[in-house]
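Shared between the two complexes below is subunit A, which pairs with subunit B and subunit C, respectively.
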Partner chain A sequence: MFYVKTLSHEIVLEPVHFGQKLRATLVRLLKEQVEGLALANYGYVVNVIEVPEDQIKSGVIEYDTGSVIFTVQYTALLLRPFIHEVLDAVVSQCNPLGFFAFVGPLRIFVSKHSMPEDMFNGFDGEKDAWISDDKEVVIASGSGVRLKIKGRTVEQGNITAIGTIKDNYLGLIDDGEAQGTV
Partner chain B sequence: MVEDATAPIENVAELQLGKEFQDIHILSNAQVAVILQASAGYAVSRDEELNDVYRKVQRYVNRFTSMTNPEKEHQEVVDELDNLQDALSAFRKETEDGEEQELHPAEVAALMNLVATDTMVEEAVALIPSLSRFPEAAIDEILDIIRSTIIRIVS
Partner chain C sequence: MTTENIVGFVELPSATDKLHCWKVRNGSSVRVGETIGLISKNANESGAGANTSNLEVSVVKSHKRPKRRMRPGDTVVATFEVTTTADSITTNSAVESASASEPKQDLCPLICSTDGILRIGRPPSTTEGQNSATIIGYIVKCLHPTVIEGLCAVCGNSMELLTSNKQAYSPEKVDDSVNMSRVTVAGVTVTISESEGQRMAEEDAERLRSQRKLSLVLDLDHTLVHATNDVRAQQYLHREDVRNLVLPMITVSESGHEQAMLKNNFWMQQHFVKLRPHVKEFLEMALALYEVGVYTAGTREYAEQITIMLARHLVGATRDQPDLEHLRYQVQSAESEFARHEAKSGGNTDQAHDADHADEQGNQAAETTDGKSRKRKRVTFTASKMDEKTDGVTAGKMAEMKQELEGVERLEAEAQEMRQKLFGSRVVSRTDVGDLGRDVKSLKRVFPCGGTMAVVVDDREDVWANAGEVAASTRKGEPPENLLLVRPYHWHRFVGYADVNNAAGFDLTRSQNEGDDESDEQLLWTSDILKRLHTRFYAKNTEDKDKTVADVLRSMRQEVLLGGSLVLSGLIPLHKQKGESNGPRPAVIRYAESLGAKVLPNVTSHTTHVVAAKDGTDKILAARQIPGCFVVKASWLMECIWTLKRSDEGKHLLGPPPQKKLADLPANDSDDDDDDDLVAELENELLNED
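And now, the complex of A and B:
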């Protein structure tokens, strides 16, 4: 789910940046450091929406280095998978254990145990797709699927979620052909 | 460390988001598309590169928003979406006890993301289980509000 929240971040500014453009430099550094980051609890920071001017308080001088530490508050657009939420995702890769799908930067894995019974044995290595017994449903790279989040793990700066398409109204939405490459 | 989904401190199906997420503002995909578009224009005007995560999210929201119409005036679509969100947030239903029920922001966002013109009550409740606290007629009303907005935007 996408949401907006106010967060705070510490920026270390070297004296060379002091001067008239101090605030602009702070904002620029904040965006460079924080945008795209995966925060363990809050999710991916997609975009820094606003850095209110009055929220940039005075900095504290670090005596050892001479640099100044600013604690900046900013409003950010974040993306975080919530347990039991239903999302649409784009399939990127199929393997014998299941498939990977992405919601923007968020990677979701759906194992074959979380697929409907008639797809359990449906992995086709040649076509690189999961196909149902009646051949009606083909989940391949580029397809859109609707899935439910069951769990979440954070590792090495990336968030991976576990999903399922076993419940009613979940599963293949479109085959991705009309969309072109993702 | 995998979070234990069987002991949910967090369970969006029951509208429990966790104590840190009580005061957040939840957005639907369509609204995110609007924000990113504005931000992209701003960055381009300052000759900045858009980072990877940003571009991935933009591709995602542009693909999965049912409420868009490239032929329509951008501002018109934005206004329709704002009206829809206001209508859903302001939706109130009196229960038998005389108490008022309203839609949680997570439900409003999920409804705007997942509902299409042919979505029926059964599907909506399957996808968003917390809606089951409303009577069927109320859910139908909610779906109707969304349906008419989609039709207005797409036509």
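And now, the complex of A and C:
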């Protein structure tokens, strides 16, 4: 789920920023550019924890434009789905093929084939919810579910994962809205 | 279930082992190296036999049951213990024995050997060399029923699909030549396998049949509404059927992609929408007999807004999104005004301060809840109201405003419900099928397995014809047979205003302006056609599952002009007259032929109608010689198509009506049509007098 890693990023700094606040500007720009980005293989950058001052080496001037390229090393907090990981997610949308759930910016799709057998035919078109045979489990938009990640892909700057709730102890854990804890 | 491909077996390492528990449920996908169960090496009773699934694990690390935050854990237990596999044993006895077993045991993991789907139990047919005593499960190949963003939704493996743009709407091949096709459901485009598509189609068909409904796919622009974003349209807002909505303005950037500009207020643009006459009756009829969906060339937000607007129209709510929020804001600011007024008169400065605070917060709340109103409206209110006399806001007025707001909110809630009932999640917009391109609509996206119970109502045919796939009975380049064409709707007051989204279809009768177009009856005509179609479809016993909507429509069409023999004049350019048998027919010919009439190149004595663009051609002159042959404008043919009935030729005559059929008609060399008719009438009189 979350982990910390040291990454490096190249920032192109225009001459207008040179001056006293160079480092502060660098840090600010780094945060703007990198936070919220989905990096392949690393996951989403949730936060830039630290930019060690001594790590910012001198930048290289580009001959053509006059801007300077700084290679900045920083420690970041990353969110990445790991296969076989169990996560709590919030359901955002149900459709006849399954449902979408979100863990922060991470989108997870659970198909109807990955649901317990008693929910396989349980899509209710009127309420947009997945309902089990005994009507006890109602998965609708806003519910919290515990799911297991089966696969993931990074596309178009977003990470999409495939999940399942078929195994034991997975499934609905919170009906209703506004958990806000995930 | 089709026979499954067994790719591996789940074997116990030796015959003396007993399976302690499964870690994975029957039917779950497994990967190489995954631990799917635990084996106990000891021979004592550790509760479960070889065929148990779904034990409560009490040994080693046991997961805590996820307790629902809202309810206590009892109901959760019930859910998880329900199993439907044939081999399972219900767990009560297993639970007892498991808890009674010794906590410390020799357990080792059972590792999975291949990727696939796990099936617990003896495999259906074991080959002879296997020792079947140790086989407790088998692994079958995943059929990849649903693929989303390149990942199989079941096994999580990434698929390598052919995603070249041209093939976006044709079946794509995945290994083992399983056909996959793209489908758009509730705003997401996923890829599903053929068997999955068939299953979906069967489910849909069953559901529709049980409700005695059919599927209806509607286009929005120029079919149900006429929308424009031209500011001049603002003057018509007072009318009941003209509504406005605010949408983000779309620009086309250099890369050709469309992006909505930032939700910054400045980029919101107001659109004005005129509803077609009789849209309310049409939708009410549709609601009763059809499951309605929308397929529009607009963006997703546009589609959502228009559908809500239609729902509002049905329930009688007249305030649209901008008005609604304006009202809410008004009530809120009036409330805080009132509070402040009270506070001042009560002499408590703290309260006034709070009221101010509340006002600010209300301001912010209003702004954040509504991202779409214009900024201009907001800024002035608080400033001016502070200075104005506050005794204007009395308790009575407050109550009034609150009541009004309540009424409006209630109507809005009703409208939302109505929208859900009417359209559900069956809305497809251009953003959802972006890969298809701007001028293509594909029925396959909505109904992956043919749409045999679906009707489409659209003013344009070419977008449907442009889709690559064709049904078996359709000629290449022609639209599918379950498309019901309607006359494109233009409100005459909006003529000349900018068009939103796609332009309207080609209308052969464009030149004829029908004055005040409240007389536009197209929706009533279409509603009648749909009713007839529905009755016909469900008339015979519904066991006849081969009947498709296309078939029924075809037979309905063929009856309209049956026996008719048409000649076209001035409608088809010469270079298209040599028809190729494989290519698409010119539209007019297609209409005529689908209505059951024969199209001949020259006038013969059997010709019943000549459809012409203008008067005075040779063919028309020849036709006037023939008694009973009508010379009509193209609008007659179009009206036949739009109503699926034989229109009254009298309304579309080009020139004088045809001669009445007589036993002998004197051959006439004169070119003057009037003379002919005069003679004919005289003859008639004479004959009758005899």
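The criterion applied here is as follows: the second predicted complex is superposed on the first by the 176 of 182 C-alpha atoms of A that agree within 3 Å, B and C clash if a C-alpha of one lies under 4 Å from a C-alpha of the other, contacts with A are read in each partner's own complex, and residues count from 1 in each chain.
By definition in this document, a residue touches a chain if its C-beta (ideal position, glycine included) is under 8 Å from a C-beta of that chain, and two chains touch if they have at least 3 such contacts.
Remember, predicted model here, so these are calculated numbers, not experimental data.
S.K.: Pick one for A:T65: touches subunit B only (first), subunit C only (second), both, or neither.
M.R.: Neither partner.
S.K.: Which partner does A:E85 reach: the first (subunit B), the second (subunit C), both, or neither?
M.R.: In the superposition, A:E85 contacts subunit B only.
S.K.: With the two structures laid over each other on chain A, which partner does A:P96 touch: subunit B (first), subunit C (second), both, or neither?
M.R.: Only subunit C is touched by A:P96; subunit B is not.
S.K.: Would you sort A:Y169 into first (subunit B), second (subunit C), both or neither based on which partner it touches?
M.R.: After superposing on A, A:Y169 lies in contact with both subunit B and subunit C.
S.K.: Pick one for A:P105: touches subunit B only (first), subunit C only (second), both, or neither.
M.R.: First partner only, subunit B.
S.K.: When the two structures are overlaid on chain A, which partner does A:V46 contact: first (subunit B), second (subunit C), both, or neither?
M.R.: After superposing on A, A:V46 lies in contact with subunit B but is clear of subunit C.
S.K.: Is A:L77 contacted by the first partner subunit B, the second partner subunit C, both or neither?
M.R.: first
S.K.: For A:G125, select first, second, both or neither according to whether it touches subunit B, subunit C, the two together, or no partner.
M.R.: A:G125 contacts subunit C only, not subunit B.
S.K.: Touch check for A:E136: first (subunit B), second (subunit C), both, or neither?
M.R.: second
S.K.: Which residues form the common part of the subunit A surface touched by subunit B and by subunit C?
M.R.: 83-84, 144, 146, 150-153, 167-169, 179
S.K.: Residue numbers of subunit B touching subunit A in their complex, please.
M.R.: By the definition above, subunit B touches subunit A via 1-3, 5, 8, 10-13, 17, 20-21, 23-29, 31-32, 35-36, 39, 51-54, 56-57, 59-61, 63-64, 106, 109-110, 113-114, 123, 126-129.
S.K.: Name, in rising order, each residue of subunit A that touches subunit C in their complex.
M.R.: For subunit A paired with subunit C, touching residues are 83-84, 93, 95-98, 100, 109-111, 113-114, 116-118, 125-126, 128, 132-134, 136-137, 144, 146, 149-153, 155, 160-162, 164, 166-176, 179.
S.K.: Which residues, counting only subunit A, touch subunit B once they are in their complex?
M.R.: My answer: residues 1-5, 35-36, 41-42, 44-47, 49, 77, 79, 82-88, 90, 102-105, 144, 146, 150-154, 167-169, 179, 182.
S.K.: Mind pulling up the subunit C residues that touch subunit A in the complex?
M.R.: Interface residues on subunit C, with respect to subunit A: 23-25, 27-29, 31, 34, 54, 57, 63-70, 75, 78-80, 82-85, 145-146, 148-158, 185-188, 190, 192, 200, 420-421, 424-425.
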